[in-house]
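Dropping the structures in below, format is structure tokens.
Both complexes shown next keep chain A, but they swap its partner, so chain B is in the first and chain C is in the second.
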Partner chain A sequence: MSKKIICITTVIVIMFVSFTGCSVKGTKRDLSSLAIVIGLAIDKNEGDSQGFETFGDEQARILMTAQVVRNDSVGQQGGSGQGADSAGKGDVGKPYWNVEVVGGNLLEAIRAATHVTNRSLYLAQNQVVVISSDIAKEGIAKYLDFFFRDHETRYDVSLIIAEGNAGKILATESHLDNLPAQDLYKLINSQKRDSGTPDCTLFSFIRDYKTEYKSALVPFVRVIEPKEEQRSPFLFVAGSSIFVEDKMVGILDEKQTRGVLWVSDRVTDGVVALDFDGIAVSLEVINSKGSFTAEYSDGKIKVKSKVEAKLSLGEYQGQGQFDTEKVKMLEKMCEEEIKKEINEGFEKIREKSADVLGIGNYFYRFKYKQWQKIQEDFLEMYKNANMEIEVDAQIIRTGSLLKPIDANSGGKNE
Partner chain B sequence: MFLEYIFKKLKYNNNTKCGVPQKQEEQTPVPPNIDNAEQMLKERFCFSNDFVTRRLNVNYVENKSCNGLIAYMDGMVRQDLLSESIIKPLLHGRQETFLLSNRSKSKNEKNSKVDKINNTILSTGEVKKEKDFEKAVEAILNGDCVLFLENSAECSIISCKGYEKRTIEQPSYEVSMRGPRESFNENLRTNTTLLRRRVKNSNLVFENLVKGRKTRTNLCITYINGLAEKKLVDEVKRRISKINVDMILESGYIEEYVEDSPFSIFATMGITERPDVLAAKLMEGRVGIIIDGSPFVLTVPFFFIEAFQNPEDYYTRTIHSGIIRIFRYLAFFLSIMVPGIYVALTSFHQELIPTSLLFTIAASSEGVPFGSFAEVSLFLLVFELLKEAGIHMPKNIGQTISIVGGLVMGEAAIQAGLIGAPVVIIIAFTAVSSFVVPTMGNEVTLLRWIFLFLGGFLGGFGIAVGIIGLTVHVTGLESFGYSFASPFMPCRPEDLKDTFVRAPLWMMRRRPYGMAQGDKVRENTPIPPDRETSNENGEKNYE
Partner chain C sequence: MSKRQFVFITACFVQGSFMYTMYYYQIAGNESWITLLAGILFGIAVAFMYGALYKMHFDKDNDSAKGLVEINMAVYGKSFGKLLSLLYVGTLLLSCSRMLREAGQFVAGNLLMGINWTYILAILVILCGWTAFYGVKYFASIGTATCLFMYIFTIVLFILLLPHSKLYHLLPMGKEEIHTYFKGISLCTALPFSELVAFLIIAPDVRGENRGNLKKELFYGILAGSPFLLISILRDTLVLGPLMGDFSYPGYEVIRLVNYKVFSNVESLYGIIIIFLMFFKSALLFYSVAKALVKILNCKGSPLFYAFVSGVLFFVSQIIADSNIKLSEIVLQRIPYILLSVNVGLPLVTLLMSKIKKIKEK
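And now, the complex of A and B:
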């Protein structure tokens, strides 16, 4: 019996000793000791360093903006307490605070925030990372190392490229939400309704970066300031930015982005607007499937892409009957339109040598022998690649009306 | 040494070596002289005020009479029965029974005086002849009256029990909407009758025992002969026979002396106050222990899942009772773990909380002076105190205190900034969940605090350790030789019909494994019940 007691006591002692890893002091923290960060922005540091001591040379400094939630201003009790009363000067009293810190690298900057915040920055609830296009042009992969290495950060946060200054994006207040970063996150997510912008997380970016020759598309956001005084600036998601390796090389607008997304099977919803002999018609995408095959023959890369789209008629601003003839013609027009989009998109990415579709990867996985031949000159060949597009659009529904609302014009009977 | 003792108690089967066999009661003969008898009795009862003796002249045979003494306890006998059926025939016996006694007496027998009286004069239901004075005293204490005769070495114990007892009322602890509303009361005979009326089987056995040296409490072990395993009945009898204590006041005393694992959180013996529940348990092959003076009957063995089985489940239809039973399991686990998980999440694992919920919780804890763990444990303590106070409160003040406790404390505390609103909701939710399974009320109270401390000090890891520890503990318990966690461990799929949901009654064909050895099959109704169908010719047949 005493042997058993010795065994049990030893086990308990070992447990308590190893519990120091999860000891109260180390990991327990109160909610009121956290500064919950919901958005991060990374900029180049122009201007002075505001008293922050950093390492490294002046040019390499970054300005990090962390949007911290003010705990007592969100939620039932807090909201009523604060109200719309921004009694302080400047930006005190808002439900959030954009902490601006200068540092040589990310971790130094975050830790340097202790000079100005009374709580430690808590990154686990971060939702967006906004990087300014100036930094993006020089390469962003080195900044992403911190996000993967730290235990608290998550790498399913949305990655966004800002036109110009990234901190301004985080400071642009939205009309619908309290917190700009949360608004931005929801904004990017809701782009699925139009498929004009791809969704991109840190994880998917790094995955594409590490895939040989594959390029990523990252949402591109700009701030629009209306000319009228009463209207406040707002965010606008303007297509996507093209990345080769980890450097930004160009921008695609919405139509071009969607063109590329048709083929990569990432179109979930959207509207195709057509001009049907002077009648404005809108078709809504219900379902879409896209795939491509590639082949190397006659010294050229030939890509065959196939898109199957199911659409429903959203709007028909015309008169007259709506019969199968017209449906077929509409389908044909829609196919032409989609082909045009895809061509435009492909042109643009081809000229930048950005293999967004993953053609190189396709060769590597499915046509290895050919890949071995073209591997070294792939990017050159890609610039001259040929794309054959086959689109099959079907209009499967016409909404709640069978005939156009304007079918019998002016009361005349047909 | 003490640790050794504790470890032994924490495991099962601790009752093998304890207990001292009781010494034999000394035999004291009944004194033939009734003056002596009266004196001995009065001294024995310490000249108590409620002990009554009455002298009378007993005419037991034609032309012969002798002195007699009736002794009884005032308040424990039925006075009408005493005077009408006992004293009256004894006094006037000669006239009425003269002819009778001559006819019924057989000429060869030499009946003693007491026999003659018992057989021919007394008109009560039960009479016994007794030679031992101690037994006579015990009979008086039980409410019978004793008749002593001059120059007779025997006395007559006449049953005429009649004392105030509670009427049969509705059950207060196991309430159900559908089902019989009778519950046991404190009288042993009433309880056995209630059971007897439901199991009209000659194999239903009541074995009487007397336990407690000073209180001499009557116990009954009941089981259905041929259905319950002999091993189980013998074990129960063996354990009860080893009890050697001064008093047994309630079934809880027997439970504590006889159970496995006295230091375990979980009870390994079931209690019930409803005769229909007891009848159902006996029919499964279990053994019941009824104690005089307690409306709660012990049932043995007891499994973990039985706490979640309500008699109403069996009287309502399958689907409804199945869903309700799943709710009960859910309520049990929620009421144990919600405070602990809340504290663990907000103190250690804030990343697991959805963002908007985190904002709400952070907003409500912003001005609060305590940390999350202190907040929750403080309010949980307040709730436990309120609950305790509510049990023992007189009905008049009950309303006031519930208003004070509920509204004022909750609302005012939030307004004052002492606690946050999420904490109040958590505790209120826990409280409500714990009442869904009232049989587990005691266990839930303790387990809740354990998980709260584990979550508060060790976070999610602590909760995981707690769950593992709880599982290890529950599966290691035994109840009178049966595993406490059956039918999960050892796993018997056919017994799972009554755990998470209740399978329709016509699906439960066999009794629980290993329990009812005498009669394994419950019923022979076909599955599903007979349905009338027509075959091709339009004739009706049943299948």
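And now, the complex of A and C:
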């Protein structure tokens, strides 16, 4: 028995010690030898190569900005400033450093970073990948190859498209967090509260890209520069960029994005604002379910979408009794509003030939024989597809009030 | 080992073939689970054939069992029997070296970057040799726990990956050509079920009542181990979808998506467990190769002999392919046919010849 235990234990210990790199020189790495990257931005390199030697086509050069955390400065306040770049003096006191490197491709750029950093970039803690809209219009799949091929990178990293320069996004100081990349990551995650922006990770994007006839929506971020000088610029995440294959072809605003998300069953939260005969009403989404089916007949594609939404009355800026009749009227109005959002969203994506809902994928998966017939002409048919929308909105709660707070006017009881 | 232990080491042997799923995806894509189900049915038939062959040559009166080498010698004569047995040794050596090569490359590529994979291969080969020298009975005793633990771990990970799963990735079904299904089923039957021929060599180590009849044990072993492969394939299909065929190790890459509260970055732990499973299977294959060679060469299984076999294994593991892409090509295009011919075709012929011999004797 003891010989058995010794044998088994020895084998397991040897394997665990050997294969976890605890003791093998060259595999274990101290924290101080790593430049922990928490945000990565990819832009086209329009300036000179800044001294970096790259191979290949000059036109294909990219500017990679890696936001590296300063281990000793994370607990301190972030430096003031307007988002200085790595060449600026304001960078030194900050809890992060935006390392800007030019390279022919991502891996070359990451390795070239060793020319300016005294440690190798460590990407396992990266939270966001920001790509400029210029690159997005040309295609981003080739830049994502590195993230899936490397053993360190993770696939659940948020993917975001930036209006204009992506490096500027990582340089925009946060009002609430020390690290702009972390702020951006939390900002993206908080969009679930509004559902005006989709969530998109590297994995979900590539999975949609590889799915035939399925397009992706990627969150869109821009920097807002207030007119008042004393106010700092800030990040604004709203709407989404439409992708066909891996190229950005357009932008959806918040309402249009949510219209698409209603049908895709990706609305988790949000507010539906209504004008109820001059009264401003807000309905909060508690729960929603969306689905669609597609049919093909007489050379046309017809999509039938169904949305069920459960809402709570969040705000009612009016007077008078609030009874079941009003609730029904509000539900009806809400249904019309949701239908309008869906229609606008669908119109826009149809106009761009972007099958974000996955109608082609629906035919491929569920109606394969029909798909084989329509596959070649699908995109043409998609542009002329009709959508029938059925919305069932239910206001199940009125919050903590039964009557509007403005119900008593001049001290008189209604 | 007892019959129960035999069942569970068979199950662990099947579970240890987890890495083969990456080859299944290259052929059948999202319908790999269908080809695996068919492969399991054929595998059960193959296992019954092995059981029948073993039972036929079991001497009930003297309670003495014949391993595969002795069976070949009894059916084909001493010299030709040994020659044919060398074919089996060759295929089992090929399987073992391939497993160790893949294990070494997996560790070097995903767990221990920066280390030459040959060092990892050397460690694994030495461990296999050492384990085989002391007898597989020690591993047989942990087979039950290993098998159950793998299921618990896999089911937990499956549940954690449900948010990423899309049921429609299983569709459409029946879209492939007939020859694709044929190729897929051949692959699923060859890897891993045809490798169960190794158990014909180690079966004489089984003790207990009616130890000459191991058909049920092989059947239960396949039933106990195959759901693990099926769950892994379903998980990969539901989560990865069209990306299944793109990754080197899809079963490992999918675990990197697990990110729920404390359950994140679990792929390293999963990798270690997978390596242990692969080592378990490799050790069994090594043991069967060594035991068969002892019978063929009529020598003692001394430490030097096991060291020699380890050296041969190390050498074959290195030369089997130049790169993982070449290895993948060999596995997809050549290995199934070699394994099916030798590990399934030959035993079938041996069984038929044994039956004819028995009828003639009567």
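Rule of thumb we're sticking to: the second predicted complex is superposed on the first by the 374 of 414 C-alpha atoms of A that agree within 3 Å, B and C clash if a C-alpha of one lies under 4 Å from a C-alpha of the other, contacts with A are read in each partner's own complex, and residues count from 1 in each chain.
In the analysis below, contacts are C-beta pairs under 8 Å (C-beta built on N, C-alpha and C of every residue); 3 or more make two chains touch, one makes a residue touch a chain.
The structure displayed is predicted, hence computed values, not measured ones.
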Partner chain in contact with A:Y368 - chain B first, chain C second, else both or neither: second
Touched partner set for A:D377, first chain B, second chain C, both or neither: neither
Touched partner set for A:Y155, first chain B, second chain C, both or neither: second
Which superposed partner A:E46 touches (first chain B, second chain C, both, neither): neither
Touched partner set for A:D323, first chain B, second chain C, both or neither: neither
Chain B and chain C contact sites that coincide on chain A, given as residue numbers: 4, 19, 24, 27, 154
Contact footprint of chain A on chain C as seen in their complex: 107, 109-115, 120, 123, 127, 130-131, 134, 138-139, 141-142, 164, 168, 171-172, 174-175, 240-243, 246-247, 253, 256-257, 259, 268, 271-272, 275-276, 279
Touch list for chain A against partner chain B, complex: 1-2, 4-5, 19, 22, 24, 27-32, 34, 36, 38, 69, 71-79, 122, 124-125, 127, 152, 154, 182
Chain B residues within the chain A interface of the complex: 3-4, 7, 346-348, 350-351, 355, 358-368, 371-372, 421, 457-459, 461
Chain A - residues contacting chain C, complex: 4, 7-8, 11-12, 14-16, 18-21, 24, 26-27, 148, 151, 154-156, 203, 206-207, 210-212, 361, 364-366, 368
